[in-house]
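Okay, so chain A shows up in both of these, paired with chain B first and chain C after.
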Partner chain A sequence: MTMAATHHDTSVETAAPPTRKQPDRTALLLAPGVLWMLLFLVAPILMMVYVSFWTQTTFKIEPTLTLKSWVAFFSSETYLGALWTTIRIWLIVLVSTLLVGYPAALFVGLFVKNKTLSTALLVLCVIPFWTSFLIRVLAWRPMLGKEGAINMILMKIGVITQPIEVLLFSELSVIIGMTQIYCVFMVGPIAFMLGRIDPSVIEAAQDLGAGFWRIFRTIILPLSMPGVVVGAIFVSVMVLGEFATSAALSGRKVNLLGNIIVTQVGSLKWAFAAVAGVVLTILMGAVVAALLRVVDLRKEL
Partner chain B sequence: MPSLAAFARPADCEAFREKSGPELVGTEVTSVLQLKNVHKAFSGVPALAGVDAALSENSYVSLLGPSGSGKTTLLRVIAGFDQPDGGEILFAGKRIDSIPPHERGIGFVFQNFALFPHLSVAQNIAFGLSNRAVDPVTDTKIVAAKVRDMIGLVGLSGLEDRAVTQISGGQKQRVALARTLVTEPSMVLLDEPLGALDANLRTRMRGELRTIRERCGVTFLHVTGSETEALAMGDTVLVLDRGRIAQSADAGTLYSRPASADVARFLNCYNIFPGAVSGDAFESPVGRLALGGTRLTSGKQAYAIRYDRVAIRPRDAAAAGDEVRIEASFVASEYSGAAINSFFTLDDGRVFEVETHLSHAAPEAFEEKARYALVWKREDALVFD
Partner chain C sequence: MNASGIKLGLGFYTALFIVFLYGPLAILAVLSFQIGPEGGPQFPIIEWSTYWYKHLFGLTPPSRIAPLPIEQALVRSLALAVMTMIVSTVLGVTAAQAFRKKFRGSGVVFYLIVLGMMVPGVLVGLGMALVANTLGIDRHWWGTAFVLHVVYTFPFAFLVMLAIFNRFDPSVEEAAWSLGVTPARTFRKVTFPLIFPGVLSAMLFAFTLSYDEFSRTLFASGRDLTLPLAIYGTFSVEVHPNVFAFGVLTTLFSFALLGTYAVLMGLSVRRAKRVAIQEEA
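Then we have the complex of A and B:
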């Protein structure tokens, strides 16, 4: 017995080809990540899909499968309204972060020739994150409010006679707030891609006779598209899942899917929350898939 | 005359000797580009310290200079990417100092090619035609026809739709050149266009660049750090040294009559001794070298003798009356194609190089560390004073 065991051991030792080590190591390196994702991302999402078909009564939820919550979601004004508001705000914020972020990225990534300076400027963009979300929201109120700084100044110089009320507790304030918070996620990737453009490529275009706007349209914009797509994915995923900014700046007037989920969970309506969660997840997946089709990222990066 | 055999010309010179004919005679050639006292400094350090030059129409001009001598800076100033601090640049008789690069009509071929990475070969070549601000070609048929002709001219047929990231270095070089030539510039600046290519391809592209230029009939200003490339390619060679044009001459003249010891040093085919003329000899660290050769006026005194004008003799061989003789110990030899280069150390530690052409003599085996007599004719030496 002992003999056999020893024999077995050595044969394994010698028979094992050196290449077998490779897949072993791959599996070992990937295992923690994959396990983590399965346990805490894939399983909960599947669970959420499952729960969305459970039966919800006022006080409890039972694992009896039904379509009731789904029907309720898609026949309710409130929920469909929230879905529409989410999509609308997402689109507006996406466009406004692009409009504010692209010129900033263009400056940081292309016009600032000094690499140290451009890195420093990118770090500056992150400074808003040195304060907490709550403090920033708190700070916007005296700025945007009815008696806030903007209204005061506009009244003083006589541009308006009545304070503009939509500045705070409206969709506009939510859009202003979100653009401010998420702009840097647009600037970063675009500035990175612009920084990788060889300056002599732009000089070559100049030398061939093209003016600035032509060069921008035919060279700079196409070469920065991967950055735009990555930035758009960052912003989209974060804005679609938002609830805090709208809660703090809209005075409960703007309800996003995220806010619906928060209230439903708060009132223990798990099945409804799960339906909203599944809808939101599908929406995000569709948006990311659509954005990825714009540019072949694997080829460009 | 067996002794003459040892003083034969190197093979490298053959290429330019054929072509340095008619231009020399001096028919009135108009200059397409004139530089007058062009200055440029980077944070106080001068990169161009008063460049004066005139480039004639329809010619191949090479610009030779060591690394850091200001070659790229000069090209960038001519193309308009950098502003000169002072001086005048005249292009076809007009001052262009304040005209932006895209209106100058001067083509620039970058050292790293700078192709548009997201466009195909044909799109790269078509870029200038359809995107230039002045007089763009809007008819896609005309653009396509011109691009097709240009692709044929530079020998890229079959690669039209290939991405420029998926072609070889030599092909990239051709795309870069074609992209510039298709816009019909009045002049093309090339910054070390062959620097990124391997030695074989470099030699082949030399010939092709000259042929392409002759077919287009525009002036090429070709920057290079290689003296063989500069001599082989240029109808005129400009030598740039520390931000100044040290010499402007045809290759034959430059090679046999460098204007200063520094120019001779860049040519990499002269042994140069410092020292001073005293009486009928040049007082050098290796002894008195009898005068008798060409005297040239230049700032610094020096004595120069070409590698291929020196004969190696046994130590006991006597020198003839019109010869100069020094002694040195043999170090090593190096084959370079049709020639063999032998290295000696002189008594003051200086390295002395002799080039012997194998077509004229069978290679001799020299003994390491043994002493030999190195002999040349007085009249072959250049004396700068």
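Then we have the complex of A and C:
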């Protein structure tokens, strides 16, 4: 820029062509990516909304518009039950990832003063993501089963005499599995926000005689809220779209909306699957919008 | 005094937290060395053996436990990951390159791209299956599933490249242009070597995400299985330690990939330093 200003006469000649070409080039550079997203992301989602109003016959769908599938969804106990289960599991997992993740984030983001150590701890949290998601889900089976590691240890140290059967193939196992898999998405953003707190603020509070809990309530917690919201958005979107964890760990006892979609597609009930998909999309949109209301991210980040 | 007690407590908690993250995987790894074919997927270990690893490669005498269909699936998964990696990295670099200039509607385009990594696989997968069904297209891993993999990984590549370009000094390129070098040649000779570490990261992201991707593939890939689909198939039946052995192997593969990335990254950083020193001298 400064060069262009000082050597005005020479640089105009050479610098002008790229600037004049810029608008077309931007469009050209963007076109492939935007087109890809419109064709393979936006179009399928719109298709899903459209198909939810189609007429479902035994194995086929016909493009005659009807509300039948919607009525069927909202008058069926199975579907409404799945909707309720999805909301319940989402809320429980959201709270449990926050409770499990926050103390770890507090340690990594605020208490570890050594930069290398805190980075190493965060990397340690992220490494499991380099292994297959399905393997991580499956790894809970030998942990929680009737003859699993937890029952074995508890029986050896004499806490229980009978194995706890409710650990696996129950709602509890789904919640445990999801909490473990998704809590890192809470730890990351919260630790990031905590790391940005100016230590002198906390020192000042200490010098004025505030105890740890008071500092936590009035300084640390409010300042970490944007991290909590970002983490909650990550966890919510992923948990609401889940079906693999419940398929692996619940023994078909927990049916989420995602599981309903998988089954319906399997039996070629496309219109019902589409209705469940639209309901899920609306639910997700509402949750994210509500979370964004809690904290104005643009102002805070 | 109080604060150090809290620090100790939180440190202890964090250690437990790490155990919580790694514990199940460790147990799974241990149980993969169970004796076969009679040993089940639980403690105690009757006898240590590598039976299930041999079982995985079809090196054991036939037993009632069917081998995992991994051979074909592995080839497909690798091919799919490579295809996805190439396309999403190219798309990511070009889109991020466009974002270096301010333009109208950049906010909308940004959200459109990032949407790809936010929308759950069930929804895009279902949508794509519906589109294919309506248009009468057969679903294949190299077709409908591949385009969805790119929808998922392209945003990651884009964000990585955006971060790289943010710290990029445009005056180097301007210097090349003002010397009369064509934009294409400038990109090849000046821009690309400078952004190479970013490109490498984008490739790593795209490859691993695609290699492990499963919910999109489940809906969009038709009959042929990829590796994650082969694992998913075992969910509904009794699990044998061969799945655990497989889990250990794919984890090792992922780490090897990460290691390769680290080595390449180290080399490129060292080369950059050497060039910088030469220029100073």
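In this section, the second predicted complex is superposed on the first by the 263 of 301 C-alpha atoms of A that agree within 3 Å, B and C clash if a C-alpha of one lies under 4 Å from a C-alpha of the other, contacts with A are read in each partner's own complex, and residues count from 1 in each chain.
Rule of thumb we're sticking to: a residue touches a chain if its C-beta (ideal position, glycine included) is under 8 Å from a C-beta of that chain, and two chains touch if they have at least 3 such contacts.
Predicted, not measured: the structure shown is a model, and the values here were computed from it.
Enquirer: So in the superposed three-chain picture, is A:198 touching just chain B, just chain C, both, or none of them (first/second/both/neither)?
Expert: First partner only.
Enquirer: Using the superposition on chain A described above, determine whether A:104 touches chain B (first), chain C (second), both, or neither.
Expert: Touch status of A:104: second partner only.
Enquirer: Looking at the overlay, does A:254 come into contact with chain B only (first), chain C only (second), both, or neither?
Expert: neither
Enquirer: After the superposition on A, what does A:133 contact: first (chain B), second (chain C), both or neither?
Expert: Second partner only.
Enquirer: When the two structures are laid over each other on chain A, which of chain B and chain C touches more residues of chain A?
Expert: It is C that touches the greater number of chain A residues.
Enquirer: With both complexes superposed on chain A, which partner does A:223 reach: first (chain B), second (chain C), both or neither?
Expert: first
Enquirer: Check the residue A:279 against both partner chains and state whether it touches chain B (first), chain C (second), both, or neither.
Expert: After superposition on chain A, A:279 lies in contact with neither partner.
Enquirer: Does the superposition put A:211 against chain B (first), chain C (second), both, or neither?
Expert: both
Enquirer: Have a look at where A:29 lands relative to chain B and chain C in the superposition and call it first, second, both or neither.
Expert: The second partner, chain C, only.
Enquirer: For chain A, give the residues common to its interface with chain B and its interface with chain C.
Expert: The answer is residues 206, 211 of chain A.
Enquirer: Within their complex, state which residues of chain B touch chain A.
Expert: So the residues of chain B touching chain A come out as 79, 81, 100-103, 106-108, 110, 112, 114-118, 127-128, 131-134, 136, 179-180, 183.
Enquirer: Residue numbers of chain A touching chain C in their complex, please.
Expert: 1, 3-4, 11, 14-15, 18, 22-23, 25-26, 29-30, 32-34, 36-48, 51, 61, 100, 103-104, 106-108, 111, 121, 124-125, 128, 130-136, 138-143, 145, 147-149, 152, 180, 184, 206, 211-212, 237-238, 240-244, 247-248, 258, 261-262, 265, 270, 273-274, 277, 280-281, 284
Enquirer: For the complex, which residues does chain C have touching chain A?
Expert: Those residues of chain C that touch chain A are 2-3, 6-7, 10-11, 13-14, 17-18, 20-25, 27-28, 31, 40-43, 90-92, 94-95, 97-98, 101, 103, 109, 112-113, 115-116, 118-124, 126-131, 133-134, 147-148, 150-151, 154, 158, 171, 174, 177-178, 180, 183, 208, 212, 214-215, 218-219, 227-228, 231-232, 234-236, 239, 243-244, 246-247, 250-251, 254-255, 258.
Enquirer: Which chain A residues qualify as touching chain B in the complex?
Expert: Contact set of chain A toward chain B: 198, 200-201, 203-211, 214-215, 218-219, 222-223.
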